[in-house]
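One structure coming up, written as structure tokens, with questions to follow.
Note that the chains are named A, B, C and D in the order they appear, and that numbering of residues resets to 1 at the start of each chain.
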Amino acid sequence: MIPTQHVLILSAVLFTTGVLGVMLRRNVIVIFMSIELMLNAVNLSFVAFARALDSMTGIIFIFFIIVVAAAEAVVGLSIILSIYRNQKTLNVDEFNWLKW
Amino acid sequence: MLATEYFPILILIVLGLVFATVFTLAGILLGPKSRGKDKEMPFESGFASKGLVGQRYDVKFYMTALIFLIFDVEIVFLYPWAVKFRELGWFGFIEVCFFILLLLVSLTYVWKKGALEWE
Amino acid sequence: MITFATVSDLMPIIPELILTFVAILVLIVDLVGTQTKYRITAAVLSIFGLCIAIVAEIQLFGENYTGFFNTVVADEYSILFEIIYMITGIITIMISWHYIAENKMNFREYYALILFAIIGMMFMTSSTDLLLIFIGLEIMSISSYILVGMMRQSVKSNEAALKYLMLGAFSTGFLLYGISLLYGATASTKLPEIVSHLQEHGVFNNPLTGFGLALLVIGVGFKVAIVPFHMWTPDVYSGAPTPVTAFMSAAAKAAGFAMLIRIFLTGIPYAERWDNLMWLITVLTMTVGNVMALKQISIKRMLAYSSIAHAGYVMVAVVAGSEAAISGIIFYSLAYALMGVGAFGVLSIQSKGRTLETYDDFTGYASQGPKEQVMAFLMSIFMLSLLGLPLTAGFVGKFQIFYAALDAGWVWLTVIAAMNSVISLFYYLRVIVCMYMKDPLDSAVDGNEQPTFSSVFAISGLLGTAIAVLYLGVFPNRFVELAQLSVKTISF
Amino acid sequence: MHQIWLIPAFPLIGCILNGLFGKFFGKRFVSFVGPLAVGFAFLHSLVLFFTMLNTKGHALHETLYTWMETGSLHLSMGFQVDQLSGLFLLIITGVGFLIHVYSIGYMHEEEGYYRYFSYLNLFVFFMLLLVLGDNFMVLFVGWEGVGLCSYLLIGYYFEKKSAADACKKAFIVNRIGDFGFLSAAMLIFITFGTLSFDRVNEAAPDLLVPGGILATLITLFLFLGATGKSAQIPLYVWLPDAMEGPTPVSALIHAATMVTSGLYMLARLSHLFVLAPATMNLIAIIGALTALMAATIAITQTDIKRVLAYSTVSQLGYMFLAMGVGAFGVGIFHVMTHAFFKALLFLCSGAVIHSLHHEQDMQKMGGLKNKLPVTYLTMLIGTIAIAGIPPFAGFFSKDEILWKTWSASHPILWLMGFLTAILTSFYMFRLIFLTFHGESRVDPHTAKHIHESPVSMLAPLAVLAVLSIFGGFFGVPHVLHFLPNGIELYFEGFYAEVPVGHGSVIAEIVLMVMSVAAALIPVWIAWKLYAGNLDQVNKWKAQFKIPYALSWNKYYIDEIYDAAIIQPMKKCSTIVLWKWIDVGIIDRIVHLSGDLARVSGGMLRGLQNGILQQYALIFAMGTVGILWYLFFLPY
């Protein structure tokens, strides 16, 4: 059986990758995907803990995270869509009307 | 001291950072960068592209995709019930009926709003 | 043996159920009714629903129902906060109707979303399980993402929604990671169990709990906009439709603090370093908010920064952490909800077809007509309350918080907070000076407006808010006592 | 119950009525409601004053309701009428009523008539709260409230830029004072655990070491607060500029009432102050310095209201001098007489300005005594009173202050006070002679229209003139004992006892004669110089260029503040923080250094650059920082 630590390390790596992705990528959709990656990293760590602790709570939590992530994705994509319609770009650097 | 106990986590963070940075950089540095005409072309399942790159799809596509996404994922809540169907008994059944009812209401809402209309 | 929830479990969430029902009803009305009819029905229905829910809350007050294996509690503490959200909701809806009409905004689902956001906040406040808290938080957040982006044609609204969504989801990631670490260490997501585990084993002896708690603070800190997790606030607040800004700045922040208190101030043993950190964050939050607010040209943005500063004042009480401090937070949340909604509410009402946003727009405002005169007067009351002039709600709130901090021995923190609130005088009074002591820049704008029903509705809502602000300032004691009572009964 | 709350309630009702309905019901309504509200308050104050006198030694207490109760802190809307607040009540409502009546005539042509009366009523309300409160909270409510009203009223003619600037200046300077006040209140709360005056005064000797650091610090902060409100060195600069407001406002707020609230606070907490001899000495020195300095400035000013403004600063200095040497009762006595004659002087100057169509420059007056006989006569009475010529009011209080200073063995301070007395008499008679005597220098066009003011303005003048004549007999000096010293009896046992050296009777008489001479001789000099043509003055001006320039330019204090504080601030604008604070605060500085602002737009603003990923980066850096600090930073 894979030790819990290894799963946790993988989850941490995935999470950090997600964070870096949010900060480095330029395309809004890719950034959004990075955020989903972060959430899934969390899911992974929940699974690992749930298995290690032999408890169902973690699993239930994952269900909700998945659903919430989906809802966020739907809302996010709608917003992105409406932005694209107005501005014809998905480059985050160009969305800086609001500043200072 | 505390710091020693936290050492594994520090390693973990460093590892995370290193891995993430390495992979990201590797992608940028090692990946072939052919910026030819073909490369710039949008990928359309191997077919030669038709029309303009910036061609806009009908909003219906997105609409349907989004609705599919949300309804699809809601199904996840049926799994625990399905697994423990017998133990949960009538109570569980009623609960799930409520849940389905709510989904139905939202489906009706979406329908009435015209999000499912293709034309 | 599996134990089931029973009907009696529904008792503590009756107000939530009422609101859910009303929200769905509002959506259905949208399907059935016509454009204009819906506009009125939805608003009235929502306000009606909120009123019923408030009555239900008052009925629950003192009963201390719990349900669903103690994961939902209706203690006085959560009831007070929930009433604050609902009052904010009522005022928001009163001003929204007019705003929607004036800006020709796409309003469908608007009221339902506000109700949903309130339901989310209520769950955030009244549950003691991190799972349920998380779900409440997300119901609130997702509703407000949509509300922020409600003005689809406006580039600014789009951008604000995008930023809010992206950063909000980003912070959710941190919050969840924190929860998962805490879960891993304590094998539970229930607050009472987590807290007793922490009391037994200490927070910082296990890396998982320490990290988990820190990440949890960061996740919540984003919602209440403490430095350095505040960056979204000014952009989102200034881009969002103004009533939505009002709603978020007041209710969403109060909900964040309610949750913060429930999680962090219920007996978790902290180390000295934790206190220092919170101290630093608090000072930064107050100072950055105030200093940045000084420089703003737009009043809406100034208010956004000032809301960061106010979060800083509340953090002073969080740092102090005593019972008096928590009751101070409850009072301050109510006071800020009223004056914040009031101030943004005044901004949301156009004058002679112009949207008012900058100081220049407000120059000579008081002398431009009867409606403007009333609005200027209301704005002055809200500004004076925000800056903490005696006899206003803002003063009482600040007083309680500063007093609690002093009492708990945080002298320097209080001094810094007091100095910050002196800085805030300059930008708040500047609004009053602009309105009363200057001539309008372009006197060309005139022409009489016919008062519409919706504008009267909105202004009477603001008038009620202003009266409440003054009432709380002059006769605060009953509310202070209520808050103190509720702190005593705060439970997991 | 004595229904003390009714006293502030009347003006509050007046304010609300005028503010809400004044515009619709017209000037008649406003000029009825405004003064009447204060008049009722005055009547009720009289009733309570005499009730209080009958229960000698017992203050009337009344708790309206509990304002707030948290932990050990119990704050109530508590009022008290005792010897101190009773006297202030009568001054505020009495003089206030007269000034309201006066305003009916003076402000008649103003557009914002109802707004003016609404503010003025509101001011009276807050001022009454200030003196009635039995704890720091209520005092603070009043303290901030009067500040706000003064701010609104100075900026009343907001279309004038100088008025807008003056109101900003008053605001900023007062903030410094408020900082002192709040710090003191906080320290007091930490030390005493209560905010009630009575209990603080009671507990002070037990809890504070006489002359100790804490006592000194608290009193110093309180004094800083007092200097802000009561216009003493170094925070007096706002008061002369405050004359941009309407003249009745100057009379009420900036002469008779608000500026004395600092003194009120000192007197209220006398038991605390006597525990800090160092602060007391500082108060005396600052008072004497302010008195002398302001008097030397007043000599050369030509704006009639400015002369009076500096004279106010100077007289306030006297009062602080009295407080500083421990003669609290005498200080308050001077507050009273000063309220009478200074309000009178301001109102008279207002009458002059009114009839000359808002001409304030004395160089364009002269020879008005035949055209404005009533104004002339009343103003002359006021001048005699302030100059300290017996038996008018000013003589008794001022002489008593000088005597107390002498007997407390502060000869240098006495000398400064004595010099100030000479200067006072001189500049006041200079004002009279320049304005009313000699040849008319009035612009011929205006000269045709000069007319005496309406009765509504003259009646208050007459009442105040009577008070200025007889007001002093409440405190007849001991040596003259043809009447008992009312003030001393009145305040018996109220203030903290200060051991005062008793000078000999001979000394007292000698000093008194000297004061009288100091008041009379300058009259003759001023007559010689200013009553006829002004050749001699001009010659002297040329001769004593430097002293004259110093005085004329108010010792360049504004310029010094500008050079010492504002300019370096501007220079430091590259240091980002200053810049931020400044830029928001003072428009003037914004204009002066607009481009520097952009340069220093600075870090914070640079961070808030609107780019989403930067926000995420800061978020992540914050997270890393917090985690690093909590878990990896070595202890």
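FYI, a residue touches a chain if its C-beta (ideal position, glycine included) is under 8 Å from a C-beta of that chain, and two chains touch if they have at least 3 such contacts.
Model, not experiment: these values are computed from the prediction.
> Indicate, using Cα centroids, the chain positioned nearest the centre of all protein chains shown.
Nearest to the common C-alpha centre lies chain C.
> Hey, which pair has more contacts between C-betas, B-C or A-B?
Result of the comparison of B-C and A-B: A-B.
> Need the CA-centroid distance for the pair chain B / chain D, whole Å please.
Centres of chain B and chain D (C-alpha means) sit 70 Å apart.
> I'd like the Å distance between the centres of chain B and chain C, where a centre is the mean of that chain's Cα atoms.
Using C-alpha averages as centres, the distance is 31 Å.
> What is the distance in Å between the mean C-alpha positions of chain A and chain B?
Chain A and chain B have C-alpha centres separated by 10 Å.
> From the mean C-alpha coordinate of chain A to that of chain C, what's the distance rounded to whole Å?
26
> Where in chain A do residues touch at least two different other chains?
Where chain A meets two or more other chains at a single residue, that happens at 8, 15, 19, 22, 24, 31, 60, 71, 95-100.
> Check each residue of chain C and list the ones that touch at least two other chains.
162-163, 166, 170, 204, 207, 210-211, 234-235, 295
> Using the touch rule from the top of the page, what residues of chain B touch 2 or more other chains?
Where chain B meets two or more other chains at a single residue, that happens at 2, 6, 9, 13.
> State the interface residues of chain B toward chain A in the complex, per the touch definition above.
Those in contact with chain A are residues 12-13, 15-17, 19-21, 23-24, 54, 59, 62, 66, 69-70, 72-74, 76-77, 79-80.
> List the residues on chain D that touch chain A in their complex, please.
Within the complex, chain D contacts chain A at residues 605, 608-613, 616-617, 620.
> In their shared complex, at which residues does chain C touch chain D?
The contact residues of chain C facing chain D are 162-163, 166-167, 170-171, 174, 204, 207, 210-211, 214-215, 217-218, 222, 227-229, 231-232, 234-235, 273-274, 277, 288, 291-295, 324, 327-328, 384, 389-391, 396, 399-400, 403-404, 406-407, 411, 414-415, 418-419, 422-423, 425-427, 429-430, 433, 436-439, 475-477, 480-481, 484.
> Over in the complex, which chain C residues touch chain A? Could you list them?
Of all residues in chain C, those touching chain A are 131, 134-135, 138, 142, 145-146, 149, 152-153, 155-156, 158-163, 165-166, 169-170, 172-173, 176-177, 179-181, 183-184, 187-189, 234-235, 238-239, 295-296, 301.
> Write out the stretch or stretches of chain A touching chain C in their complex.
For this pair, the touching residues of chain A are 8, 15, 18-19, 22, 28, 31-32, 35, 38-39, 41-42, 45-46, 48-49, 52-53, 55, 57-58, 60-61, 64-65, 68, 71-72, 75-76, 79-80, 82-83, 86-87, 95-100.
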